[in-house]
Structures are given as C-alpha cells and as structure tokens.
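Below are two complexes that have chain A in common, paired first with chain B and then with chain C.
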Partner chain A sequence: MSAAARYDAVVIGGGISGLVAAARVAQAGHSVLLLDAGDTPGGSCRPSSSLAGVRLPPGASHCVALDPCVLRELRLVRHGLQFVYPDRPLVGLSRDSKPLIVAGDADEAVRAIASRSPADGESYRRFHREMASVARAMLPIWGGEGGAPCASGRQRLLLSRLKTASAADFLNSRFESEAVKSLLAFDAVEPWTAGSALALARRAALEVAGRQGAVFPLGGPSALVETLVLAAREAGVDVCSRARVTGIEISGGRTAGVMMDHGERISCETVLSSLSRHETLLDLLPSGSAGLAECAELLRSRPKIGEASILFLLDAEPQIDCGSAPQSARFIVADRLESYAASARHAREGRLPDELVLEAVIPTAADPSLAPEGRHLLSVRVPGLPIAPLDGWPGLAVKFVERVVSALEPHIGKLRHHIAGLELRTPDAGTARPGLRGGDLFLPFAARIAAPVEGLFFCGSDAEPVVSASGSAARVAAGFAGDYLAWKRRT
Partner chain B sequence: MRYDAAIIGAGSNGLAAATVLARAGLAVVVLEGRPHAGGRAATLEFHPGFRASAYCDEVAAIPAAIFHALDLAGHGALFVPAPSSLALWPDRRSAVLNWAGSEGWTSFFRETRALARQVLARALEDASCPFRPSRLGPPAIAAWPGEFRAWPSLADIAAEAFVSPDMQAHFAAAVLQGRSADPHAAGSAVHPLVPGGGTSGAIMGGLGTLAGSLEKAARAAGAELSLGLEVADLRSRGGTVNGIRLADGTEIESRCVVSTLDIRRTFFSLFAWEDLPEQARRRAYAWRQGGATARLLLALDSPPAIERDFACGPVHVCPSMEAFARAHASWRASTIPARLPMTLRVVSAGDPRLAPRGKAAMTATIGSIPHQPFDGAWTHEKRSHLRDLAIAQIEEVLRGTAGRVLGAELILPSDMEDALGLASGDLDGGEIALDQMFARRGFEDHPGGRTPLRGLYLGGRASPAGALGTCAGGFAAAKAVMADLQAGYLP
Partner chain C sequence: MTLVRATPFHARTSQDNRLNAWSNRNGWTLPSHYGDPAAEALAARTTVVLSDISWRWRVKIAGARAEEFLARLLTRNPAALSPGTAFKALWLTDRGGVRGAGAIARYGGDSFRLIAARSDPDWIRRAAALFDVEVHDEAGEAGGLAIVGPFGRALMETLGLDAAIEPLASRRMVWRGLDVELTRYGEHGGYELWCCADDAPILWNRILRAGEDFALKPAGLEAMDILDLEAGIPRPGRDYTPAPDGRSHSPAVRELGLEGLVDADHPDFNGRAAFLSAPSGLTRAGMVFDDGGPAPHAPLFHGALPAGRTMSSLYSPALRRTIALASVKADLAAPGTNLTVRGRNARVNTLPFLPTPEAVDP
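Moving on to the complex of A and B:
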C-alpha cells in the first residue's frame, strides 16, 4: 500500500461479518479494503492457538448460523464449502431427573414434555405454533428485508405481549414444570428483562429462514472463514492482515479515512465496522464526534455481564448420559429459572454466580475432523459472568474451570480424567453487548446498522438482533454502504 | 328496578365512577361488601390515641382534571403537597431529594410529570371513544406516549439524572416505595410513570378524610350506595353482562357493570368458569399479581430526631440499588429480605391530630414483603420477627427510636387481602411491568377498561387508566360507559 492509498470502502475486522460485508460491497463494483488485526483473517473464528491440531476456537461452535442468502450470493458452495447436518435437539440436563429432550420435531417434543407434565405438553404444542407464527411475522425485521412486521390481528396482540414481557414471566404463564421453563429460557439471553420473550422466537425464526441453527460448515468456522476469504478476494477485496485500526477520520461530519497503528492513513468514502458499537464510537472516533448524548449513554451502559467459553480437548469420547438424544445435541444445564436472574445479579456485583447456567456441545460428534485423530472436543458456553470480577479474571480462571467441570461431571462420567487440554475465553468487554433492552429485538436492521456519523455503518454482531455469526447484518450493512456510495457519486 | 350502571366496590375508583355517571343523570348503584366506603383510603386507630392511614400514607395524586370534575375540594378534601425527602444511611450519611431544586431532578421530574399527563390523556381518550367491535380482529394500536421512556432500567435513568450513587439510590427508593422491582432489569423505568411513589400528596386527617369527601360527592350527585352487601355473581346472557346477583340472592338488573376489583377477582370469583370467554380466562390466568407492601404503624413516646425540614418526611432507610435487587430476588423466592426497603413518615408531624400531644405516630412502608412466605402462612413468630427486624433497621439510622415505641401494628399483604379484597394483597392491582402497562393493562383489543364481555368494564387499578392516579380508573370507566351508551353499544 502506498501512502496515498484510496478506497471506496474500508471494512474493519476480518471475522465472518467483516468478510461478508467486504465481499458484498465489492460485488457491487466498489473498491474495498479489509483490515484485520490478526495474523490471518477470522476474528473470533480463528482456530485455537494453544491446542495443537484443533480447528476450532472456544465458543465458536455455538453461534454460527449462516444466512442462506449469504451462501447463495457469495457462491460459497462453488468455493468448496461443505456442510454437515447434525441432529441437534435441545436437551436439559438435571442432577435430579432424567434428561429432558426437546426435539426439533414438535410431536416428539410434545411427547417428551408431556411425560413430565401432560398440561405442559399441550402448552408446548401451542407455544411451538405461536413461536413459528411470530417468527414468520418478524421476518421483515429479522430477515433484513426491512419494513414493519406483517401480522394479523391475533398475531399483533401476541407480538405486542412478547415485545414487552420478560421471557421468564411468559414461560411462567405457560408452563408449570421448572425443567421445561429453565430449558426454554436459555435462548432468551436474559430471561428476566422486559422484552426478552421475543428472543424465544429466534430459534423458530432460524428454522423458518431455513438456517435451522443446525447447518454447520464442514471443518468448522475456520473452514467457513477460508471460503469467505476466497470469495472476498474473487470479488476484488484487498485483504490486509496485521493491520490494527487506531482511529476513524472524520471530515465535514463524514467519514474520510482510517488511521492505522503504524501511522499509515487510508482515505475512503465509507467505513464498515464489525467491532462493537462501544469500541467503534468511543475508541476509534475522534472524541465527541458521535454526539455527546450518544457517548454519555455508551459510557454509562458499558456492559458488566458477559459470557465465557471453554473448549476442552478430551482423549476419550465424551458420553453424555442423555437417553435417546444424539451426542450432537445442545445440552443445557440450568437448574431453575431463578438461576438466570441470580447469576446476572452476582455478575453485576462482580462475583462468580453460585449456580452456573451453561450450554455444552460436542463439536466432534458431528464433525470428527475438528480434532486430531483419536481426540474429541467439548465446547462449553457460560453466560451471566462478570466482565470485571472483583478478584480479576486471572485469579478466578482456575476456580471457574473447576466449577464448570464439576457442574458437568454428573452428566459426563470421568470428564476430569480425560481432559488433555483446554482453552478458556474469558468474558471480554469488547465483544459483550450491553444488557438487552426490551424493544431491541424489534428494532429494524437500519437502526442497528446506522451510526451517528455519516458514512459509518456497523456490520458486526452488535448489528444482529441476537448475537450470532450469521452474516445477515453484514449483508444488509453492505447494501446500505453501496447505496451511500452511489448517492455520493451522484451528488 | 333496572339501573343504568352497577359499580362493584366503593373505593376511590368506584366512588369516582359513580359520581361521574350519576351527574350525567344515570341511575347508578354502588355495591360494597364492607360496611363502610373508601377502600384503602382508611384511617385506623392502631393504638389508643394514635391514628394513621393504614394501607398507604399518600395517595397517588388525583389528576387535577379529575379532582375538579369531582369537586372534591368542595366536599372537604385538603391536600398536603409532598415534602422533600431524605435518605439516611447507618454511617450517618444522608442525602436530600428536593422536588424543587435537586441536581438533575427538576428537569427529569418535570418531564416525567408531563409524560404521565400525556399517558393519562391517552387513557381517557381511549375510554371516551365509543367501542366498535370489528370482524377483522383488533386494529393496530399506536404506541402510547411514554412507552419509549419505559424501556430502560431504573438504574439507567437514575444514572442519567444523578451523578452520585447515593442520589441514584435515593431516587430509586422514592420511586419504588413499597413495591418490589429489580432496578437493573430493563423495563423497570416504567415505575416513575406510575404514580404511587414520591410524586404524590397526603391528605389532612389521614386518608379517611378523602374517603369521606368522595362518598359525599357520590351521594350528592345522586348515586345509591349499598354497603355491607357482597356481590356473588354477574348475570350474563350471550356474552353480555346484564346484572348482578348478591350473596343474599337478590338480583339487580343493570345495563352495565363496572368492576373495580382486580382482573383475577373479577373473572374468577364473579363468573362461572364456563361463562367466561376463552380470552378473558387466559388473560386472568396469565395476569401477574403479587402483594409486596407491608406497613408498620408505630406509636412513639416522643418524636424521633429528624431534622425539622424533613420532620414529616418521607425518610428512606439505607437505600441502595444492590439492596433493591436483592430484596426483589428474595421477594420472588418468598423470603423476607435481609435489608428491608423501607420508607418512614412521622405522620403526626404534618397533622398533629393523629397523635396525643407530645407523642408521635410514625409509619414505615416496607417493600418486597412476600404475600406468603415460602414455608407457609404468616405466623405470630414470623410477624414478630419482621417487626423486630424493621425496628432494628430503623434504630440504625434514627438512634433511640426503638426505646420510644409504645405500640406497633404490622399490616402484611395477607392482611390487606383480607381487609380490602385485593388478590394477593397487591395494592397496584397487578405487577407494574411493561407487559402489564399502557394498552396491555386490561385487554389490549378492548381499550378504555372494556372487556371481551359486553357491558362489563374494569374500573380499578387493573385498568389502563387505573395505574395512573387515584380515581383515574373509575373516571375512565365512567367515560367508557357513557360513550358506549351514547353509541348504542349497550342494550
């Protein structure tokens, strides 16, 4: 790159969203530069560095749910991407009773739930139907097409209730069994906040949109990243690694360029940031240029609660005692609905929660190629943890891993003896989102993508309705940026 | 005789509804199970010579328009404006919240009051619009004013208005008085919009005086009051309510019925299960209601040592955001919080008639007290434990109070349930949460307190207007009745 480097668009961050955004803008005929701080692109999907031969980073296997539109538009299959289709029911593990299996097939799930409580079985049938109908109504908002949710009278009433109710209250009004409630609440992110009930429909939305949350790239997220890099390069994107952006330049109220850590400056018309709103607006923009009110609001709402993930490398195949469910299921350990509120409260006070709520999956059950021959992986995600605990994470890490292992041990026999290695990703202020606010899920993509500065767009996971590496937000943001460039050219 | 309207309950809402309807020349009867009118507005002699309002010291301000429309001043109600409030901590810290001049508070207060007025105007407007059922299902409902203000958490808006954590906690205490809520949960910012807390005024002579003037106003307008007669049933035919059956078997015919009971009691105790429309049954079942307020009335030998400006005060005992969050968690778990959210008022300082000369009557409003502890009903031991705990925590901030106690009377949510007929002893008639507020209080597709049953109106605290001020629910229901009578919707 020369000092006078000039591009139409600069994309900050080379994770899945950054790559999708860059490729889409380039496909529209603009010159695009992608800047990534790491050694290779991939962001949070870059494989684990401490576990040799493992092609998966901690946490990544939980959230990849690629938007089928991205798949089609970037012709990823032609670039060699392959998929596995594991059967992934939701399984609630509990110390006191048999595992509760909520399969994707409604009839099967109703049967399983009815064996706990017949009334809940019927309620689940209704719940499942309602969530699917809400998901369809929300398609314009969640699918990124824009526009208002298209709902009939009855749906509108349900939507307005889900939009304002907390998931916990909603589940309490529908179900009586604690096991069912605490299992379903996991998808609501923060089930005690007003408006989180709408998040319950997200899984249904993925199914409606045909992503199912059950289509995984063969070779893990890193294979997806490799394919995306190929697609981006083919579209004409310049990919530049080891390039940390230190600032975004504003001139005349518009984005004019980006500054890099080695002093280089690149001028551009528009900037797409896949970093969080906090990082972008507070750390990269010249102070105050995002507007005082917005900055004050961001500073106040610095997230305090985040999630940690641990990837265990095991030398024997983990056998989760889960009845008839396949080992590729999503396992949830949450004893009570109240555990979610308690862990959030403890996290806010800077302590480790007394009762951990966690999700475990065995990535190698679906795709053995992720680990070296004879080895297996167990990936655990623990939400509701303090980002800045009183004792600091370095001091807490060992205790935390110990707690996770002992929470899993009743369900996975001899887990402790088979651990050959592990990698912990502690909660990080940079990627955590501020607390879910009711109404957030109802915001159109435009409201999450647009920034207070002209020419700046968000395309990362902050711009998604719910944290996931789906590429939807990036796709929509790329559309916005393309329109912006076209408009600038005209005027 | 056939009445135009029968009103169940002679509390402030019932009496307001009766006054409005009777003034319009309609034949109105008010039915009250207890031998006297006034509902929660009651003054109790709890110790020889000592009197205090039993269930709440202050009423939510009666909106000015309603106060004038009912001509209450003409019937003897005299308001004492809310004084400044004080917060005290055991380490002798204190903070003052002055409605007129505290940092950040004035503008916030003004804005909130303006919003609350708009919300009430919207509620009354909905009620005055004649109801037209549509075959196409409920129409789209425009967002209410103030709804956007309610999305954040109470802690967030406190941080917006005040810099010091003490003032933030003080603010939350002033807003929550007697309620239970997690100030960190999104949606808790709805509380300042729902008066009941610091934005109200007391009545000279205790709340009993207000009851007296409301009763006088209703009688003067020509409404018939029938006290001491329990309503057993509502008579309905083909989805239309057409009268009331009393416990003694008398049937009263009426063109419509306004119920000031809460949703649960209205539908579950006044109807046979099979007469209820499915929608009403679901709503009543899902309606969340839980008492959280206990009152401790203390007869003191001499006035406690509180600075003169705050002598009649509200004095908040040791407020903190964490304490509120923890108290809310223990309320949900049906245990007594370790740190009681408590507000004190020396009622005899503002109104010397309430205590003998030289002595003092003090009330403590305690929040987050469960309706029934997890281990069974309130026993004598549990009552004395709570009383001693409260007195000990008062002693921490007001030294020497414990030694001055001549007599104490504890009123628990379960006592309020028995005395006032509030399900679970909930003074708010249903949890104050976003999914139970604004249009979603009552029935969303039947605005203005109307219900799926023709001729039945909700006029109590569980109606959209009911939460917004004293008498507002009854006033709005009366408006709705008049609009529907005029439009010919009622038989």
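Moving on to the complex of A and C:
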C-alpha cells in the first residue's frame, strides 16, 4: 500500500460480511482493499484472545447461518471448509418443571408441547405451518433477490398482522402455556416491540432458504474466516490488518476515499462498510453529511439495549439435565414472557435486569476441536442489557457473571467449580445492535444496503433483516457496488 | 384565557393602534395596521415608516464548530463572512425541500446570529447537536424596529446614527446611553435598530419624535406585507409552506425562485445533491390582474392547460392593481404572457414589481 494508494473499492471491517463483500467485488474485476482494525481479520468471529487454545469468540457460535450462495460463489468447500450438522432443538429450561424440547421435527415438537398443554400442541402445529408459509412469502425480501413479498390472500392477511404486532402479543394469542411462549419468544430479538412478530418467522426462513442455523463450519467461525480470507486473496483482494479507519472522505456528495488512524489516505470510488449504520454515518462520515435529518434521527435512536455474551472454558463436560434432547441443543432460560419486557425496562433505566433471559449452547458438544484437549466450552448469550449502565460495565461485570452462573447452576450442576476461564463480551463492546424496528423486517435489502451518500454501501450484519452473519447482505451489497463502479466507468 | 404574547413595543404600538386591529405573526401580537394599510404602504415609498419587527426569529449560534455546522446547514458558505457582515441563505431538507430562509450574521470567529421570518427551532437544534454547537433562542429578549422609506437615511442622520452603513452589515454601539444594534438586513433598503426589551419604549419615543420632521408614520404588518410582495419576495408561511419534515422534496428551491440564495459551488450543504438534480419545471413569477380582487393560492391556466398556481395576492396601492406572486411553468414565465386565474385575466410581470424606495435628501 503506497502513500498514493488508489482502489476501486475499500471494504471497512474484516468480519464474515466484509470478507464476502470484498471477495465478490474483486470477483467482478475491480481492485479491492479490505481494512480491518484487528491483528488478524475476523471481526466478531476472531477467536477468544484471553483463553489459550480456544477457537471460538464469545457469542459467535450462534450467529453464523451462511448463505448457500456465498458458499457456492466463493467456492469455499474447495478451499477446505467443512461443516458439522449438530442436532439443535430448542430446549426451555425451568427450575419448576421438566425441560420443554421443541425439536426441529414439527411432529416431535407438537407431542412434547401437547404433554404440557394439549391445546398448545395443536396451536404449535398451526404456528409452525404459519411461520413456514410466511417465511416462503418473505423469501424475495429476506433472500436478497429483491421484489415484493409473494403472498396469497391468507398469507397477506397474516403478514399484515405480523408486520405490526409484537411477538409477545402474537404468542399470547396462539399459546396458553407460559413455558412455550417464553421459549419461542427468544428468537424474536425484542419480543415486546411492534412488528417483532415477523422476526418469529426468521428461523423458518433460514430453513426455507437452505441455510439452517444448525449448520456450522468445522473449527468454528474462525475456520470460516480463514477460508474466506483465502477466497478473498485468491479473488485479488488486498487484505490489510491493524488498519483502523477514522473517516470516510466525501467530495462533491460522493465517497472519495478513507482516512486511517496513522494519517494515511486511500482514495477509492466506493466504500463498503460492515460497521453499523450508526458508526458509519455518525462517526466515520463528516458530521451531518449523510443528511441532517438522517443523522439527527440516528443520534436520537442510538441503541440503549444490547446483548452480552460469555464464553466459559470448563475443565469437565457440562451436563445439562435436558431429558431426551442432545447436549448440542440451544438451551433457553426464560421464566415467563413478561421477563423480556421487564429486562428491557430495567436496561433502559441503566440497570441490570432482575430476571435474566439467556441462551446457553455447548459448542464443544458438536465440535470438540474448538477447545483444547480435555476442556469444554459453554457459550452464553444474554439479551436485554443496558449498553451504558449507571455503574459502568467495568464495575458491573463481576456481579453480572455471578448472576449468569447462578441462573445456570440449577441446570448445570457445580458449574462454578468447573470454570477454568471465561471471556465476557459486554454490550458496549463494538457490535451493539440497534433496536429491532418492525418496519425493518419488511424493507428490501436495497433499502438497508444503500446509504444516503453516493458510493457508500452497508454490507455488515446491520444490513441483514435480523442481525446475523450470513453474508447475504454482503453479497447483495457487493452486487450494488459492482454495478455502481461499472456505471461510473461508463459515464 | 388567551395570553397576548406582546412585543417589547406593545405599550407604544397599542397607543397608536386606535382601531384595535391586531394580527398574529410567529406567535407575537402585532398591529395589522394603524388605520389605513394602503396609506402606510405608500408612506414607505414616499416618506418613511416605522415598523415593529420584534416578531422575527433570532437565534445565536456559538461553538468551536459553529462555522462547520452552518456550512452544512446553509446553502452558502459562512467561511466567506467577516465579523459584522451577513448574507441571506436557505436551509434545505435532506432531499432539497426548503425548510427556511433567513439572514446569517457573523459576530466573532465562532459566534453567529440567524434571523428568519419563521422559526424552525427543532430542525436547527437537532442539527446543531451533531456538531456540539450551542443554539440560544433570543425570543422576547430584544425589540426591533425597521425604518423604511426614502427619508430613512435622513432620519438616521438626524438621530445621530451611522446612515452610511452598508446593506447586510451590522454595528453594535452605545447610542445616547442605550445599547443598540444597527443592521441593514431588510429587503426594502431600510435600517433595523435592535435594543434590549427593557429599553424598547425609549427607542420608540426617540425615533417617533425625531421623525416628526419627515412625516414618519408607524406601519402595521399589512403595509409591510404589501412592500414584500411589491419587492417579489416569497415568505414562508404566507407564500409557501416550508417542508414539514427532514425528508420532504417540496417546496423545491426553483419552484419558489430562490436559487439566488443557493451557492451551487458550496460543496457540502444539506440537500445539495437533491437541489442539483431537481427538475426545473416551475419558477417564480409576478402576476398582475387586470381586474378584481386578490386571488391567493389559486390555480393558473394557459388556455385550458394548467400553468402553475399563485402564492399570496394583494392589492398594491402604488400600482393600483391587484398583484400576486406565482409559481408558473418555466416556459410560460416570460413577461407579458397572458394566463387566467378563476376565469380572470392575469399577466406575467417582471419581478420585483417596484424597485426598493431610494434614499432622497429632503
């Protein structure tokens, strides 16, 4: 990279999205530079730094649901990427009753739910069918192909309801058992917000689109990152680590280059940012250049609620009492549906919620290679936490971990005795997601990818309908950027 | 009970407002006229008038990044302003709709004042928050008087004030014991004198007494509106509705004929891309009606085809005709083109209808 470096496209952020976007733009014949602030590319998928020998970062085991198109187009399998297919049912853990197992197979799930409440069993059969049908209807929007939702009369009716209802209301109208409602609500991200009901269909949509959340790269997300780096380099991308972008330069209303922390400037035609909309438009662009109304709105809507993740390194295999479900399941601890709204209320006030809602996964149950020999991992995700608590996260961290361990101990015996190490990712650490806005789920990819500045595109997980590292948004954004560059060349 | 939001001159204007004719502007209660709006408008062209302009929205903008903020907000670059000078500019939405228009004056390196005919506090404050710039609304803190007419300059000299001050300039001074600010931001070649609210009655008395030799009359809002219209100046709220939100396309700058307030070379103002790419279908024109009364906000036709619409419309006592501002199709904006409004003939006229009253030596 010389002092007068010039590229067609600069990609900010070397996570899964950034790598996919960079590789796809380069495949279209453009010169691409990928800038990543870390020591190695990977973003939030970079392996834990404090736990030696662990190949997993906190929280990342859940968010990878790779788009099969990316797999094919970047020929990742040829680059050596392998997958594991763990059986990953949803299991609701409760102190007072036996675990509730909602298996991927709808019939098994119906039987499990009917043992609690026969009416809910039948409701689940209907719910499952409804979600699959909505997911099919939403495929043109969520699948990144563009176009309007393709729905029949009944689907349209259901869609218009899901578009406006909160997931909590929708679940309340379908089910009577608190255990079922609180278990299913976990996937709605923020189940108390209007429009979050549509997020319930997101998991079904991943299955319909052929990218089940249950397919994982062997070796964890870092193995995927390594393969993506290989694919990107092969496509001609210049990958540059330890390169923090401090600003995007605008000239004549369009992107002209990026500025780096050590004062270097790189000129380019287009910029693809895998950072969040907030970070990109408020922190990287010159103040207000994304439009005063847009920026003022973003400033007002800076997220207040985020998610923390903890990765526990254990010296013994954790045994969760989960009946017939495998240890590779997703375990949800949520006592009641009301817990979600209560924790959000507390988080907005800047304090730790009284009732924690959390999801626990044992990544080593599916892929033992993620931890050193004889060690095991337990990955926990806790949504509904304050991003800026009154006491500050450094002061709150110990208390928070203690609360998480206490919440898990009834289900994992002697957990605290087996903890050999842990890494905590607090909600204020970088990738805080903005609140789920109902309308967002209905926006076509184009609306989330396009920025108010010519030549700037979003390719990160923020551009996905529901935050995840699927590479779909990156793929579509790369298409946009390629078209933009081709148009610039023509004119 | 309705509270009267009185200007600092209310005690004096209410003495002269014998017919008790009041209007509301920007939330302030002001005399509509002092008996005869036509005579007041003519006096502004023949002698000199005094009008209460305390209703104008004034905000102080200060902070280390004030210049950067105003460069983004306004359609002209304040970097070119030296202390004590001002320019007129617009502020646009993200998509090029007109949110407001006003004069921006520089007082020091990082201190500015915005003076506008219509307040827009939410927009300015939210935008300023992005730049950590302080915005202080000065509503009610100061009283302002406009002195307009051919004898205005002579009156200023009699008062012992600097009559030679350039248009769009400002001077702060102590004038016979009062802290005043003299500006020339108005469109009618006049002077504006601002003082603190408590000194307002003294200022009014001094000017009225000195004006006796020049047949000085107080003028109400109606007379000043007639002057505005004769000068061809579209005003927010009266001639057009400013963009209601931050993402509105309309009203477009060219449709209001305000492109003179936009510096297309200023690289980064808000709404620039939309302004440059907006089609130039409509433009501002003056209309003179052959007969009949005012026809504000009415559709205009060229034969049977729509040609645009009028904005505000008034009877001009100086022209002895009903006139109107209009937004008409660019190809029909040539002076002399005959259009119809509500079945009556209307002719396109050059703007301004009348020149600004020139200073004379009595």
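Here is the rule we go by: the second predicted complex is superposed on the first by the 489 of 491 C-alpha atoms of A that agree within 3 Å, B and C clash if a C-alpha of one lies under 4 Å from a C-alpha of the other, contacts with A are read in each partner's own complex, and residues count from 1 in each chain.
In the analysis below, a residue touches a chain if its C-beta (ideal position, glycine included) is under 8 Å from a C-beta of that chain, and two chains touch if they have at least 3 such contacts.
Since this is a predicted model, take the numbers as computed values, not measurements.
S.K.: First (chain B), second (chain C), both or neither: which does A:P452 touch?
M.R.: Touch partner of A:P452: chain C, not chain B.
S.K.: Just chain B (first), just chain C (second), both, or neither: which does A:A165 touch?
M.R.: first
S.K.: Quick check for you: in the superposed arrangement, does A:C295 touch first (chain B), second (chain C), both or neither?
M.R.: After superposition on chain A, A:C295 lies in contact with chain C alone.
S.K.: Scan A:G413 for contacts with chain B and chain C and give back first, second, both or neither.
M.R.: Neither partner.
S.K.: For A:S152, is the partner it touches chain B (first), chain C (second), both, or none of the two (neither)?
M.R.: first
S.K.: In this superposed model, does chain C or chain B come into contact with more residues of chain A?
M.R.: On the superposition, B touches more of the residues of chain A.
S.K.: A:G80 in the overlay: touching chain B, chain C, both, or neither? Say first, second, both or neither.
M.R.: neither
S.K.: Just to be sure I read the superposition right, which of the two partners does A:S251 touch: chain B = first, chain C = second, or both, or neither?
M.R.: Second partner only, chain C.
S.K.: Quick check on the output: what are the common chain A residues between the chain B footprint and the chain C footprint?
M.R.: Shared contact residues on chain A (touching chain B in one complex, chain C in the other): 300.
S.K.: Contact residues on chain A for chain B in the complex?
M.R.: Against chain B, the touching part of chain A is residues 152-154, 156-157, 160-161, 164-166, 169-170, 173, 192-195, 197, 300-301, 338, 341-342, 344-345, 348-349, 435-439.
S.K.: Once bound in the complex, which stretches of chain B touch chain A?
M.R.: Touch residues, chain B against chain A: 136-141, 148, 151-153, 156, 159-160, 182, 184-188, 285-286, 288, 322, 325-326, 329, 332-333, 433-435, 437, 439-440, 444-445.
S.K.: Show me the residue ranges of chain A that touch chain C in the complex, using the header's touch definition.
M.R.: Chain A residues touching chain C: 250-253, 282, 286-289, 291-297, 299-300, 452, 454.
S.K.: If we count contacts the way the header does, which residues on chain C are in touch with chain A in the complex?
M.R.: The contact residues of chain C facing chain A are 65, 68-69, 72-73, 93-94, 123, 126-127, 129-131, 245-247, 267-268, 270-273.
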